[in-house]
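Okay, handing you the structure first.
Chain IDs A, B, C, D, E and F follow the sequence of writing; residue 1 opens each chain.
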Amino acid sequence: MRENRIRTIWDRGAWALNGWCTIPSGFSAELMAGLGWDSVTVDMQHGVIDYRDAVAMFQAISTTDAVPMARVPWNDPAHVMKTLDAGAYGIICPMINTRAEAEKFAGAMRYAPVGYRSSGPIRASLYGGPDYMDKANDILLALAMIETAEAMANLDTIAATPGIDALYVGPSDLSISLGGKPGLDQTADKVVAAINAIVAAAKRHGKRVGIQCGSTAYAKKAIKDGFDLVTVLSDSRIIASLGAQTVKEMRAG
Amino acid sequence: MRENRIRTIWDRGAWALNGWCTIPSGFSAELMAGLGWDSVTVDMQHGVIDYRDAVAMFQAISTTDAVPMARVPWNDPAHVMKTLDAGAYGIICPMINTRAEAEKFAGAMRYAPVGYRSSGPIRASLYGGPDYMDKANDILLALAMIETAEAMANLDTIAATPGIDALYVGPSDLSISLGGKPGLDQTADKVVAAINAIVAAAKRHGKRVGIQCGSTAYAKKAIKDGFDLVTVLSDSRIIASLGAQTVKEMRAG
Amino acid sequence: MRENRIRTIWDRGAWALNGWCTIPSGFSAELMAGLGWDSVTVDMQHGVIDYRDAVAMFQAISTTDAVPMARVPWNDPAHVMKTLDAGAYGIICPMINTRAEAEKFAGAMRYAPVGYRSSGPIRASLYGGPDYMDKANDILLALAMIETAEAMANLDTIAATPGIDALYVGPSDLSISLGGKPGLDQTADKVVAAINAIVAAAKRHGKRVGIQCGSTAYAKKAIKDGFDLVTVLSDSRIIASLGAQTVKEMRAG
Amino acid sequence: MRENRIRTIWDRGAWALNGWCTIPSGFSAELMAGLGWDSVTVDMQHGVIDYRDAVAMFQAISTTDAVPMARVPWNDPAHVMKTLDAGAYGIICPMINTRAEAEKFAGAMRYAPVGYRSSGPIRASLYGGPDYMDKANDILLALAMIETAEAMANLDTIAATPGIDALYVGPSDLSISLGGKPGLDQTADKVVAAINAIVAAAKRHGKRVGIQCGSTAYAKKAIKDGFDLVTVLSDSRIIASLGAQTVKEMRAG
Amino acid sequence: MRENRIRTIWDRGAWALNGWCTIPSGFSAELMAGLGWDSVTVDMQHGVIDYRDAVAMFQAISTTDAVPMARVPWNDPAHVMKTLDAGAYGIICPMINTRAEAEKFAGAMRYAPVGYRSSGPIRASLYGGPDYMDKANDILLALAMIETAEAMANLDTIAATPGIDALYVGPSDLSISLGGKPGLDQTADKVVAAINAIVAAAKRHGKRVGIQCGSTAYAKKAIKDGFDLVTVLSDSRIIASLGAQTVKEMRAG
Amino acid sequence: MRENRIRTIWDRGAWALNGWCTIPSGFSAELMAGLGWDSVTVDMQHGVIDYRDAVAMFQAISTTDAVPMARVPWNDPAHVMKTLDAGAYGIICPMINTRAEAEKFAGAMRYAPVGYRSSGPIRASLYGGPDYMDKANDILLALAMIETAEAMANLDTIAATPGIDALYVGPSDLSISLGGKPGLDQTADKVVAAINAIVAAAKRHGKRVGIQCGSTAYAKKAIKDGFDLVTVLSDSRIIASLGAQTVKEMRAG
């Protein structure tokens, strides 16, 4: 089975750089995937992307070395399993707030007897190889989003859940759940403290930890703070940012 | 944030006229949306419409003044949240039968601390404006469908649920659940009594109330009976009706 | 090979009733096709429909007895042949203005040695049957649109073209080309005279003749005037008409 | 309402041959459906197929005599109901492990008062006919997949569930759940014993039983062993098999 | 009919800023269109965009004030007319090399008696308004690309063609046709001289002139040199540029 | 720029094995492409495939080592150029009957000053590499289909056309044009003689020659007869063949 380069990077003690796709297009996904990210995540939750788009995007990413990952819309085995069957090598699952939710997610990621994933890796075995069913349980990555006060209260039991490979910080939801403002690159004390606690919990339980960032400066700091994977910007944020700047420069005369 | 014209209409004491789309096409949605309805609802439950179609249809509706709304397939936070992120300003949720189901639905509609909607209004903020996250909780509409005997038994607790803005009568399911015949524009005593009870419950709890109608005559009567929003016909019912009539006229020689 | 019911109807001396689809959706096409039209035409010229939509629509129409037809975007063999391969049993080709254009169109409709259609009826043989290649030249219908002053000047040579089965009046373009106003159901003398001349030319050369109508009254008169096929309204005109009327009735309320 | 030919076949004591589609294309579905299978199942679970594809595929299958069926991604009423509304005449539901799950599935298949299916058979009534709502409860088929050790433990209560018309063996998941290897055409004693037990339970409770097979030899034996419906190969397995063989023959010089 | 804001801008003596879309997605088009460009062009030639995508993108652009334009794949009336019917308010046509090609293009843009555009503005009249057919000839914009040595040889006769509203410089093709290197923002003497000649020819014949640019600096200089419309970057160039820079900054860390 | 493995194979004196895709699906294309063909051709002429499908299929093929090729619908520069921009490394063009048609096709394949291809290899450069524009003229392949009596009469002038890399036999059209029966694997003397003449003409002018085959036996003989590329079967022929055989075996009891 094809290796999971994110695991390989982590195994050699390095951090991984994750790209983020929200535009429902195989073309933009292929363009993104060729830019040098270690992995590229198809956002099926807040991106305007459904399953059909995601399949095309996984194929597009598979033309490059970037590891195809996805954020599913919700902690639902139908989403997790169909996305894995389509060839995702890692799943970021939103709103994991309790141990039971973590177990539900982890179980959907792996075949029996470890989990309850249904067998039928129709495109996944084209991408992964003919021994996919034998090795997938050890190769795929389950990343649980920690983004609510309730999850913070259950942080250790979630982090300890077998089959959860990494915690993933959703800063915007985490902040509003803690009474703060939405947005990436949080600097409010309360949110920063929570983020630090998530990193610590991951380390304590031998798990990896990732975070969604809005700038390279924040992402670099996150790496220094112990994060193993950082997502920086996204296709649509890039367009909004450089597109707006271009218009502004032109209008400035 | 862009206003929700349905709220505006209601605030001035008037009723709203809702159009209904079941054909999975941005073109037919734009055509419908330009005909003068106050809002247009994309039926993701019984329409042959999936998420990708719905996004295109919301964009099409957004070229007009009609308020984009959707009926989701089921009371599932994944459906509700992805549909809101795509720009729907109101959600009609089928089969709300208990207080717990009403709370689950209402919670998915709003950000913390009021609810548990996940932040990421990717197209919604293009439509609503940059202050979307600050104001969405007050602008979007949650309409709970009352369409079973079980829901009738729980009518007051459902109507009283914070965050439920309106009840919405599904006459066909309501009738068969009460032992009657399917169909819109119900006139059977048992069903009419239930509909009246729904209107009364809504009024009692300060909520709005809407209904699906099959004719302008029935819809006009509904408005007199106190309904705040009426849906009349749908794109496919219109085609079936006037198309069949056209063929009949031609065959009549 | 499956019969072409339009030919069968004509062979028994009757007129055919044609439905018209402009919405790019297999669902609305299936809905239309079930209403009782003898044929249903997918408008790939002025409908918002591309090839992919058209294939799905031909499949939808093929679930009924209606004969699947198409109007192609232009007199281009690529359009004609791909549309036939997808299973259309008749092609309406716009803007046939000269004998050479008529021959180009007719040649694209039929296999050698009669014409120059390339062999490969990939879906057409699923619909038509395994003997499709043997019989298609005799079964499919080529309808040439007469809709310009130039075409009127060449009416007889066009009508006489072998392989052109019918002339088809495009009243709106015909009118503006003659200096009149756009629109269906033309009553201006100049346009009516031209339409009568087209009917006469068709009869003179043993060809059939069809016309696009905007009302049953006009279509019924056309039949009396000798037309063999009438198209009445379309999916989108139906929605615009009855949809607008519905809104108007409600607002009148 | 159009008959369900699978029921008709069963009623006359015969077995049914089911084709299987995993490629998201109306064209390949129509091609498959014309080959002579009694039914054709659109695999929305492990096929790379979403709802929009499935609708087009049901339309394609509806151009033939094959009965349109679907495997849904998961035991979720949203999946079951939307798929029925699109015209599926039978639903294969994965991972039915308990009586409660069987009841949830069976209830989603039928209208009140038998079940809780919501009324709105938008395409289903085009396919089934105008009396669809009256008769659908008796015509549609619910097939519950038995494919885990947990399901084996609950075999009798599942088989006895009213509204479950048939059990359907998922051999690959069943095997791994029992500690065996994945794959179709299982011959390991433990798995064979479980399969035999499933057949026996179905018979005991007056239900039908089907199975997924990888070869005609295995399928023929299954019929002898009492199976009422066998699925053999699939569109993608056929391509993989004969495609690879073709390449091999060519490379063999 | 809705005004063409590009004409309005030009009428008041100002220049227009054009955005450029190559990603086949209504979402990215809506995102781009909201950034403040005066017009947004859907590139159906070198973008990975077909007609169906383009329709969705025109709808998306129509939710904003930006004028929807398109570059068609080739000087083919089928492309020009279908794109106008879908609601484009301006067409950039590649490879106009002779007076005859210019006339063919200009004729496809306008209804008889001025041109030979076929009537049927199915979505265009939704966008433009009910008087579309009366006014479209005066409102829509035809921009002819000058990008070959042959076109340079015919510059005056092309520029003088009635119905050609503007010349549009394709710097990359122009350069390779003149024996230079491909690329935007050309500075080679031979190419600069040709570009200056195009500007001069446009002015001489009372036409507008536009150009494709790769940077704001070059675009600003172009405006000073007399250009009336400048295109700067594109959605995909923006992703490639800021995406690569982001990865580079992270790796530099 | 990424090599064209078909050229590499030919340069070492070997023959190439080409797979053929007619199903409009990236999934089936990826499945096919992984089976070991040297190249895989997306049939945009007789396949039910439009541009949007083709792009997804090129991406799918690009996940493997197979060379992505396409057959365009017609000898139209818009088709050729858009398909090359999407990443095809070879184009099979139907119905090349004259020297002028051969030159039109060859010119559309290459940038100035050799040809008149417009620059903008938007996905092609993602697949081919950043030096695509410099090297594409030497790497891409132009295959001209010889399939009519007219082409046979012009065989030498077509074969001698600079930029035509190979002739490609379309046996079915060739046969019917010569007065024979349609179908692959022609054995009629007249057709065999024509095929031999095509091979001889290709050799005489230093060009390669390919052919469409329906069986491995015929393809093997073709290789012995001097063919440099053979296409054997297609995705849909494989399904029709093994699918029908499977049903037959099952019905045989």
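The rule is short, and it goes like this: contacts are C-beta pairs under 8 Å (C-beta built on N, C-alpha and C of every residue); 3 or more make two chains touch, one makes a residue touch a chain.
Not measured: the values here are computed from a predicted model.
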* Structure fact -> chain C and chain E share contacts with B, F
* To do: Going by residue numbers, if over half of the contact pairs line up, that's a repeat, so tell me which of D-F, C-F or C-E repeats A-E.
  => D-F
* To do: If you tally contacting C-beta pairs, which comes out ahead, D-F or E-F? Let me know.
  => D-F
* Structure fact -> chain A and chain B have mean C-alpha positions lying a whole-number Å distance apart equal to 34
* To do: Report the inter-chain centroid distance for chain B and chain F in whole angstrom, where each centroid is the mean of the CA atoms.
  => 52
* Asked: Where the centres are mean C-alpha positions, what is the separation of chain B from chain E, in Å?
  -> 41
* **chain B residues counted as touching two or more neighbouring chains** => 22, 24, 27, 31, 48, 50, 52, 55, 76, 122-123, 236
* All pairs of touching chains, each written as two labels joined by a dash -> A-B, A-D, A-E, A-F, B-C, B-D, B-E, C-D, C-E, C-F, D-F, E-F
* Structure fact -> Per the touch rule above, chain A residues touching chain F in the complex are 26-27, 30-31, 34, 55-56, 59-60, 62-63, 122-123, 126-127
* Please name which positions on chain E make contact with chain A in the complex. => 17, 19, 22-25, 27-28, 31-32, 35-37, 48, 216, 219-220, 230, 232-233, 235-236, 238-244, 246-251, 253
* Structure fact -> The chain E residues in contact with chain F across the complex are 22, 24, 45-48, 50, 52-53, 73-74, 76, 79, 94-95, 147-148, 170, 172-173, 176-177, 179, 182, 236
* To do: Enumerate the contact residues on chain D facing chain B in the complex.
  => 50-52, 55, 76-78, 81-82, 85-86, 111-113, 116, 118-123, 133
